[in-house]
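One structure below.
Labels A, B, C and D are assigned to the chains in the order they are written; within every chain, residues are numbered from 1.
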Amino acid sequence: MLRGLTNAGLGALKNDEHLMELASQYSFDSVDLDANSLVSRLGKDAANERLQSLGLTVGSIGLPVEWRADDQKFQEGLEQLPKAAAAAQALGCTRCCTYILPSTDHAAAHFMALATTRLRQCASILAAFGIRLGLEFVGPHHLRTQWKNPFIWTLEETLDWIQAINEPNVGLLFDAYHWYTNGMTVEDIARLSPGQIVHVHINDAKDVPVEQVLDNDRLYPGEGVIDLAGFLRGLHRIGYQGPVAQEILTPSQPEDSPEDLAARSKACFDQVFTAAGIE
Amino acid sequence: MLRGLTNAGLGALKNDEHLMELASQYSFDSVDLDANSLVSRLGKDAANERLQSLGLTVGSIGLPVEWRADDQKFQEGLEQLPKAAAAAQALGCTRCCTYILPSTDHAAAHFMALATTRLRQCASILAAFGIRLGLEFVGPHHLRTQWKNPFIWTLEETLDWIQAINEPNVGLLFDAYHWYTNGMTVEDIARLSPGQIVHVHINDAKDVPVEQVLDNDRLYPGEGVIDLAGFLRGLHRIGYQGPVAQEILTPSQPEDSPEDLAARSKACFDQVFTAAGIE
Amino acid sequence: MLRGLTNAGLGALKNDEHLMELASQYSFDSVDLDANSLVSRLGKDAANERLQSLGLTVGSIGLPVEWRADDQKFQEGLEQLPKAAAAAQALGCTRCCTYILPSTDHAAAHFMALATTRLRQCASILAAFGIRLGLEFVGPHHLRTQWKNPFIWTLEETLDWIQAINEPNVGLLFDAYHWYTNGMTVEDIARLSPGQIVHVHINDAKDVPVEQVLDNDRLYPGEGVIDLAGFLRGLHRIGYQGPVAQEILTPSQPEDSPEDLAARSKACFDQVFTAAGIE
Amino acid sequence: MLRGLTNAGLGALKNDEHLMELASQYSFDSVDLDANSLVSRLGKDAANERLQSLGLTVGSIGLPVEWRADDQKFQEGLEQLPKAAAAAQALGCTRCCTYILPSTDHAAAHFMALATTRLRQCASILAAFGIRLGLEFVGPHHLRTQWKNPFIWTLEETLDWIQAINEPNVGLLFDAYHWYTNGMTVEDIARLSPGQIVHVHINDAKDVPVEQVLDNDRLYPGEGVIDLAGFLRGLHRIGYQGPVAQEILTPSQPEDSPEDLAARSKACFDQVFTAAGIE
């Protein structure tokens, strides 16, 4: 598995270059960032050289398409997608991710039909550039009633949705936080195959009743109560070999310097990977 | 357009042979029935000869798969589907239909995902036998709250679902009753293309406020308040040339003889087709 | 059916505006042109006003994606497609077409697999903008051996390919020239349904043995030997209501003025539509 | 990885029970057999108990559908498929495989389109029962010209075809013999992900020029010239954890007893797995 960073959890980063430097300095393998912006800034060749000299790969880009609003918004996003996918491909990145809100103001069944079509269309474009689409189910309970109608939030529902979308390049973004807040176990991971997982997020949860865990109040890996050793071991055992990227969403930005936060992240990764018995 | 009969509205029919005889006697063009049963009873060749001698085609078969319950039930139905499809194909029938209940006890979004996959699988099998799948949206208001969660019931939602299912052989079963109870107009029909319509049902509604119209309390064409002339003209104008089959669901079976009900059906068809100016 | 013009057959047109003016002046209903270029030049609103004031719609755009070469070329085209589709949609155009060369220098089976994926991806993007993709089979015999390996050129093969592509918005561009050079009859048209036809081309062929008919040596409708009255009647009977666009490919550009050629085109359309008994 | 047996290479087996007993006796983990026949013979529960008591799982069933001939033959097979899939599912089997002949008497491009549709329909049915479809590319050179037109035989072509089929449950049957006869290396395996591989065959080739290797003249693993240690290590490194099943096609049935052949198979497996450093 590859150790990855996102900018969530590193405080006041100046820019993607800053993220890349810190990731390299603290021995991470991958960074999640906006490939299109990087390619636009440096050009494809220089961007690849920069990544290579830092010993980094790009783990995943975010899906630059708003698929939860109206058709016009969706179509505007779709116009941007091929370019974003081409930029990711140019950097050797094969992952693009988006998250699923557990409730919606739309009529749930109709929105599911619309979103199925839209994500299929996104996946189809991504496939043309050799990129997979990861869907992140979101577990925290408070979000299940945040909007008018319940949507979906469990692993099983998400796998069923992925089957409904029916594009071979769609899979899971598997996040330890949502695994935990859904009350799942290591056995649930054992039932997956590595081909079902596009990307992995890692982070930790406070020691409060699981129903009260808030989505944007996360801890660094190993600083909370999630069985991250079991989580990592489970993924390793089924043969997952992709990135495990830290994503620490917090109510406000951490005040520590990005350097200190990156060092802390490295220490946290070392701790949980060692606990899991994975090099 | 072809004038069609189903057994709904013909009272105590003895069997499909009875339906076929009455359809032929009263100058209908098509009948909706269980093709597999007919082929099993007569054999393929004799069944076709019988249909031909009666001047009839088979309009549509019903989808013999329960896609609204659990996986096991669905799989059991799926095992029957290729045979049913082969029988329909053997009789020259190119349509298979099912209806969509406007509410559900399942979680709506998850059920939409599951049902999308299941209907795609049905459609895929039907396609192998040259058969299209028609989905009937169901308009009566009382059914929208009959089960726990609202599902879908409008034309627009159904077209969006058909796009989500994403199999080229899926379209609408367009029923005058659901057109009426959804408050739709002739202009809504004009926006359709004939390729979107797999099959058509015709029947009429009582003169009560539209919110109070009951699904199983239908009238014969022309005996109620639906603008069936407009309905037929609308379909004719966009180029629809398939069957228009009567389906009169009633609280209890009509007491008149099937012969009388068939004669009444013919008179009703004559009336509304004449009013529409269609031969 | 709508009478349509393309720029093929109108000689030295100055630009699309010229095409539009002549189409309007000679009572055509639709023009095939580059929607993106028109929208870029005039803006969406002015473009629509211009079309409306001329009594025109846009029949079809051409697929701006090279799907017959390598992946890079294809991806570059794909990056342009959403914008082109959005422009077509902005003008109310619902058709996008491409043609199939009857032979190829690629290994035929592998190229069929690649092209299936590529056209599906194109179709998926077009669907997001409400646009259908029309595939034109190409009949002239000399093209069947023009490149190393035979590909496909018949109606049946093309319908089978459309089924393999498996996107609901893909259908035929049905061209009278290819109908003729494939030795097809009016009965072959009767077996189609209007939903299978995205777009229609009309033109005529010289009185030479059908095996010697050249793809780029076409005549104006009615000036050759194709049974265009039967062709149009066949399409009308199955309920086709879309555009029938003239496309006169010739060895060199006609020397007559665009005005004269447009007048001649109108006279030709009048003749064949009258012969077909269609207003 | 699981060590698996098929009946190819065990000589004059009496029946599937015989295969199962020998597989168990010689410490194999899985057998490839006709699940439907086993379930029909013993019933679902007894069949599962028998497998469990023997320490076996069912690796894969063969696709019981002839997709290379005409529509009628295909449809007849399709009628059998749901039952076969249900039987496999009842035994916990998640794989169904078929092979691709490298040449064909059909027109290659048209046949590719037809076969794409047919295999998609098979895959869709299998998906309803939780089963994946493995496609085996076939490398021996003599088969590339065995029939009139070249079809496909390389890994790359097969992956492109799998993308054209576009069902998420379709992947490769990866056979060491076809890897070897296509001149592939361990690096080619490293480029795959485990989700792309449905099933694996192992066997060995005679020491003749690779162009002369015959498809039905195979050796037991380790008795020939294929780098099976590299093959297995490559699969292990990418995380493949499924069955590796022996399939020894020979010009005539081996004369040794099934017991001797099973013992020899075990010794061969021990040798190549040890050489690969895999337990």
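Following the convention adopted for this analysis, a contact is a pair of C-beta atoms (placed from the backbone, for glycine too) under 8 Å apart; a residue touches a chain by one contact, two chains touch by 3 or more.
None of the values given here were measured: they were computed from a predicted structure.
Engineer: Touching both subunit A and subunit B: give me those chains, sorted by label.
Structural biologist: Both-contact set = C, D.
Engineer: Same or different, please, for the subunit B to subunit C contact, judged on whether over half of the interface numbers appear on both copies.
Structural biologist: Here the answer is same, because the shared fraction of interface numbers exceeds one half.
Engineer: Could you state the distance in Å from the CA-based centre of subunit B to that of subunit C?
Structural biologist: 35
Engineer: Take the average of all CA coordinates in subunit A, do the same for subunit C, and state the distance between these two points in whole angstrom.
Structural biologist: Centres of subunit A and subunit C (C-alpha means) sit 44 Å apart.
Engineer: Residue numbers in subunit D touching 2 or more other chains?
Structural biologist: Residues 117, 120, 127, 163, 166 of subunit D touch two or more partner chains.
Engineer: Assign the assembly's chain-to-chain touch graph to one of these shapes: line, ring, star, complete, other.
Structural biologist: complete
Engineer: What part of subunit A is in contact with subunit C in the complex they form?
Structural biologist: 74-75, 78-79, 81-83, 86, 89, 117-118, 120-121, 124-125, 127-129
Engineer: How about subunit C: which of its residues touch subunit D in the complex?
Structural biologist: Answer in residue numbers: 104, 107-114, 116-117, 120, 149-152, 157, 160-161, 163-164, 166.
Engineer: Taking the touch rule as given, give the residues of subunit B at its contact with subunit C in the complex, in rising order.
Structural biologist: 127, 162-163, 166-168, 170, 193-196, 238-241
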